[in-house]
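What follows is subunit A paired twice: with subunit B in the first complex and subunit C in the second.
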Partner chain A sequence: MDTYVLTYAAFNGLMVGAMLGGIALGLSLIFGVLRIVNFAHGSFLMLAMYFAFWMQKLGGIDPYLSVLIAAPLMFVLGYFVQCFVIGPLIRRERALVVEPISALLLTAGVYILIDNLALMAFGPNVRSTPSLVQVTSLMVAGFPLNTFRVVAAIAALAMAAGVSLWLARTDMGRAIRATAQNRDAAAMSGVDVPFVYNVTFGLGCAMVGVMGCLIAPFIPITPQVGLSFGIKSFIVVVLGGIGSIAGSLVGGIVIGLFESVASQFVATPTASIFSLGLFILILLVRPQGLMGRK
Partner chain B sequence: MTPRFNFLAITSLLLACIALPLVLHDEFLIHSVIMVLYFGYLASSWNLMCGYVGQISFGHSVFSGVGGYASVLLLTGMGWSPWLGALVGGIAAAVLSVAIGYPTMRLRGPYFALTTIAFAEIIRIWFENTDVVFGIQLKGAEGLSVPLIGTSWAKFQFESKVPYYYIILGMLVVVMTITWLMERSRLGVCLKAIRGDRDAAESLGINPTRYTLTALAMSAFMTALGGSFYAQFIRFINPERNMGTELSIDMALMSIIGGQGTVFGPLIGALFLAPLAEITRTYLGGQFAGLHLALYGLVLIVAVLYLPKGLLHPLRQVARRAFAKLRGGDAKGPQLPVPAVLPVQGDAK
Partner chain C sequence: MSLKSKCCDVLRGFVAAGAVSLGLCVGAAAQTTVKIGCVLPLSGGSAAVGNQTRAGVIAAVEQINAAGGVRAMGGARLEAVFGDSQSKADVGVSETERLIQREKVAVMCGAFNSAVTFPATELAERNKTPWVVVGAVKDEITERNYKYVFRINNKATYDAREQLDAMDLLAKETGKKVKRAALFYEGGDWGRSHAANIRKLGAERGIEIVLDEPAPPNQVDFTSQLLKIRSAKPDALILALYTPDQLLFTRQLAEQRLDLPFGVHSAGGGTEDPSFYAAVQAPMVAYYFVQEDWQIDILDTNKDPLLADADKRTRAALGYGMSAYVSQGLSSVYVIKDALERAKSADRDKLRDALAATDITSGPALFPGYQRIKFDATGQNTFAHGVISENIGGKRRTVWPSENRAADTKPVWPVPAWAQR
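Let's look at the complex of A and B:
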């Protein structure tokens, strides 16, 4: 195997990995704070991709500009999904402890509903959306890298840094972290836990919405695109450690590098079999993930 | 409702099912009814383990796929009767389920569910990308079709759809009887104890792994038989339809919406949801692809929020009230005596 080809694969893997990490950020945050597995995570990504597509097609708005509209809209969507769909389940259970399995089923219902509504509304056709950005490849150290991927990877890193800062510095961020650590203690200290839940869910959706718009220029858009990214995000989150922002990026990069380099030696489907196997192995051997604390 | 009333109701329902093909002559309608019963069967098989232990599996379609492939390959390659092939497939699925279940059983809640998806996806992706293995033609994503080799019971091929109807009806009755017997056996009691509180059950000396794996193997075996039935009935099998995540989710949904951990719940769920799929497919065609699944999603959301015990629970209460009215008794119906301490017999070594 050629060193050049391998290094190139590693570069690509690094970028795809950062992108996967960025997509998984929202899932990790929701998982860490609400302790529920959001099965509909990929569906929100798919919605954002369609949003970018239609904004481009109907309004001529570049996907990179529609990020600015998609993020607040997805925040509102997530806020209301938590408020009206998941909230009642949490309210029904005493002491705000949700039986994890009912929450999983509930979000699975949301996933099935959204994906098939999208299928009905947009049809099964594969769409793609162009961007005004004309330079399709950048030369980095002698390797031609896809501009869109570079942008998505950098945006993922920037978003992770921004959210970490926001969580560390602001009152709302502090309330979210307090709720994640111990919701009863947080509630007793005056934190409005249901509101924190709504904001967290909205924030998670906004983050996945940003990534959805950014990957729309280079990922084919179909109503089913969500589930595969959703499953990848579970793998990334479990690998990196649940609720850890840095872990999400590290997990994403590990999976991206692994699949990209492995697919130089074996067929791509076999590489994805390996990453699913890695997921099972991590759950069985090191359930706290690479970056998580026990 | 007295046991005698239950017995009469079930017997008359069964007789009505047996008599159904005598009045229903439309091939297409019979096909739809077969599909409803097939889903009822799969949901009941899923319920055998998942419903009673309370571990949600989203990977059960793998067992149905293994069963289907075994019976199709044994028929086309070795000329074995599908009946025998289904049995081989069932045993293979049971062995596979123990191999998957042994390491993953200790994972709880969503982690177990996610792991079952991962295992199922690994096996499905492998099947989809493997054309030939050890000289056996799998044909990857393209799938295998079963050639017509004449109509006979031994070959599992019939001109009319009626024999298939009776076969799947019989299978459904068998799996529900097994569920009923299991519920009353020591296995059923232990499974319920594990569902209630695994640590407490373990402290009483119940070995959770042993009982859960037994139930899982039974469940996988029955699911595989359903997979062989489907492959032989449609005479076609491919990894996406027979092993995909969608099929797993369908099984789980019907069981959960109907009422998991009960004998009749999964069937009720299938009777409620499967016709939705058939009706939208028939009357709307490809116009609104996805409509029935969107409805499934909506029903699941409503069921989790408002009917956590499934549809069977309110239905049962309505029936109980109506029955009490018929007898002129009080509206609450007969009250079951509730023991102060739930007895868990044996097993405390």
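Let's look at the complex of A and C:
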């Protein structure tokens, strides 16, 4: 196995990993604050991809520009999904002093609903939305890297940094972190917990909306596309540490890098099995995830 | 024309119309409906193909009903009842159960995915319900000594053989032979059985398989696999991928400008799907060889009005015209109709016997491009064949078999490198 191929595989693994991490960011945030597994995460990604597709098809707007429209729209969508669909369940279960386990089932229902509505509305056909950017590969140290993937990877890193700063420096960010640490204590200190939940869910959706528009130029769009990303995101979040922004990226990169390099030695399905083996191994050693707090 | 004769004409017209409508009323009173159950992947990974097959089935049912239904059964109308397999074996089997037990269909067809068709046909066999296989190519589907399972289209071995036959034909014409081939295929039933057949036939024909790589489903990146192909340095790449994977792979292959002297040979799947061509830019698929399940340029050569009509109906339903899957769906219904005419009954056993005696040499059942449909003892149509097309000048032109090749089709072999395109 020559070093050129291995280095190229590593580069590529990094980019795929950062992309997976970026997609998982929203899931991690929602998971960390609301303590619910958002099964519909992939479906929100799919919606954003279709949004980018239709904006380009109908309005001639480049997927990179539609990020600016998709992010606020996805925020609003997420806000209202939390407000009207998941919120009532959390309120009801709080009386029983349990974690909202059934919210997991509820979001699974939301996922099935959204995916099938998309199938009804958009049909089963595979679509693609090429960006106006014509340079499809960048030469980095002699390796041709796909421009769109590079953009998605860098955007994921930038978004993670931005959200970390926002969480650390603003009042709303502090309120979100406080709610994540202890819901009841935050409520007693005057934090409007239901509002924080709505904003967090909206933010998570906005982040996945940004990634959806950014990956739309190179990932084929189908109503089922969310599922594969949803499952990968879940693995990435658990591996990186639930609720940790940096962990989400680290988790993504570990999985991406490992699968990319390992598949140079064994068949790709085998590499996927090994990567899940690695996942279990890491969790045995660090049950809280790579970057998670105990 | 005088005023009087005009009046007479009008009067005659009225009488004729009355007679026709009377005839229709009488017909309707005696009419029965024959239910055809059809399990197809209408959602899930293979939804695009499933819906095309469905359009073909509907087009054929409407054409047959408009032409007076099944004549031998007093103009019985056909009714297609669909079940959605969601591209999953377990769902496909329970839908089959529903159609056979609850809908009481006379005959079944479907189910495109081999992984669905294989267990579903077993259920049909147990319930003594004839099943006309549409699309699924897994060899074993017709190799279990079943009495109720019939397959019009190719089995996987035929597909693999045709791909290598085309390579041999082009080698014979030009003196340039493929020596090293790479295999890249989806990890399901279809991909794996295709790869196994290529491996076996390739060994017999002196083609070395330098890379043998299955792909897991729902990939988000094929760079690692493309790197492996690049380092294996094959003359030709043999692919078997479904549409979303095919689209991602095709794009990344073009972006990496990976040169393959004798090109990409796809076993179908994604490369036969019109939505794939709508989503991909033309230069990316230039010189692709595709094992087509129907004669891709048949609309140019066959002037049957029913073919044009089916094309029109498909266009109205899907936004694009006939495809292999549409023609296969259409063909299956015409084969069933032919059997109903001879069985003169919707009884499952009589229909099974009639299907076994099928011998069709003309008509819409042959729209996939066959010359004949006749099942052997295992239920396989031994006259099934596809064609191999090459994408030349943005059009898929039949290059194999040479009898089906149009006079103006000049195969490009070897294919030009990316730098020379």
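Definition applied: the second predicted complex is superposed on the first by the 279 of 294 C-alpha atoms of A that agree within 3 Å, B and C clash if a C-alpha of one lies under 4 Å from a C-alpha of the other, contacts with A are read in each partner's own complex, and residues count from 1 in each chain.
Here is the rule we go by: a residue touches a chain if its C-beta (ideal position, glycine included) is under 8 Å from a C-beta of that chain, and two chains touch if they have at least 3 such contacts.
As the structure is a computational prediction, the values presented were derived from the model and not from experiment.
Are subunit B and subunit C a fit on subunit A, or do they clash, once the structures share the same frame?
clash
Could you tell me if A:F234 is touching subunit B, subunit C, both of them or neither one (first, second, both, neither)?
It touches subunit B, and subunit C stays clear.
By the touch definition at the top of the document, which applies to A:P220: first (subunit B), second (subunit C), both, or neither?
second
So in the superposed three-chain picture, is A:Y8 touching just subunit B, just subunit C, both, or none of them (first/second/both/neither)?
A:Y8 contacts subunit C only, not subunit B.
If we overlay the two complexes on their shared chain A, which of subunit B and subunit C does A:V85 touch? Say first, second, both or neither.
First partner only, subunit B.
Does subunit B (first) or subunit C (second) touch A:L106, or do both, or does neither?
A:L106: touches subunit B, not subunit C.
Could you look at A:V37 and tell me whether it touches subunit B, subunit C, both or neither (first, second, both, neither)?
A:V37 sits against subunit B, while subunit C stays out of touch.
Applying the document's definition of touch, where does A:L117 land relative to subunit B and subunit C: first, second, both, or neither?
After superposition on chain A, A:L117 lies in contact with subunit B alone.
Quick one: classify A:I280 as touching subunit B (first), subunit C (second), both or neither.
A:I280: touches subunit B, not subunit C.
Subunit A residues touched by both subunit B and subunit C?
In subunit A, residues 116, 119, 124, 223, 227, 267, 269, 272 are touched by subunit B and also by subunit C.
Any idea which subunit A residues touch subunit B in the complex?
36-37, 85, 88-89, 92, 99-106, 108-117, 119-120, 124, 223, 227, 231, 234-235, 238, 267, 269-270, 272-273, 276-277, 279-280, 283-284, 287
Name, in rising order, each residue of subunit B that touches subunit A in their complex.
Those residues of subunit B that touch subunit A are 54, 56, 103-104, 107, 109-111, 113-115, 117-119, 121-122, 125-126, 128-129, 245, 249, 256, 288-291, 293-294, 296-301, 304-305, 308.
Which positions of subunit C touch subunit A when the two form their complex?
Per the stated touch rule, the residues are 42-45, 47-48, 50-51, 187, 213-221, 223-225, 227-228, 230-231, 243-244, 247-248, 251-252, 255-256, 273, 275-276, 278-281.
Within their complex, state which residues of subunit A touch subunit C.
Residues 1-2, 5, 8-9, 12-13, 16, 19-20, 116, 119, 123-128, 130, 136-137, 144, 146, 149, 218-220, 222-225, 227-229, 232, 259-261, 263-264, 267-269, 272.
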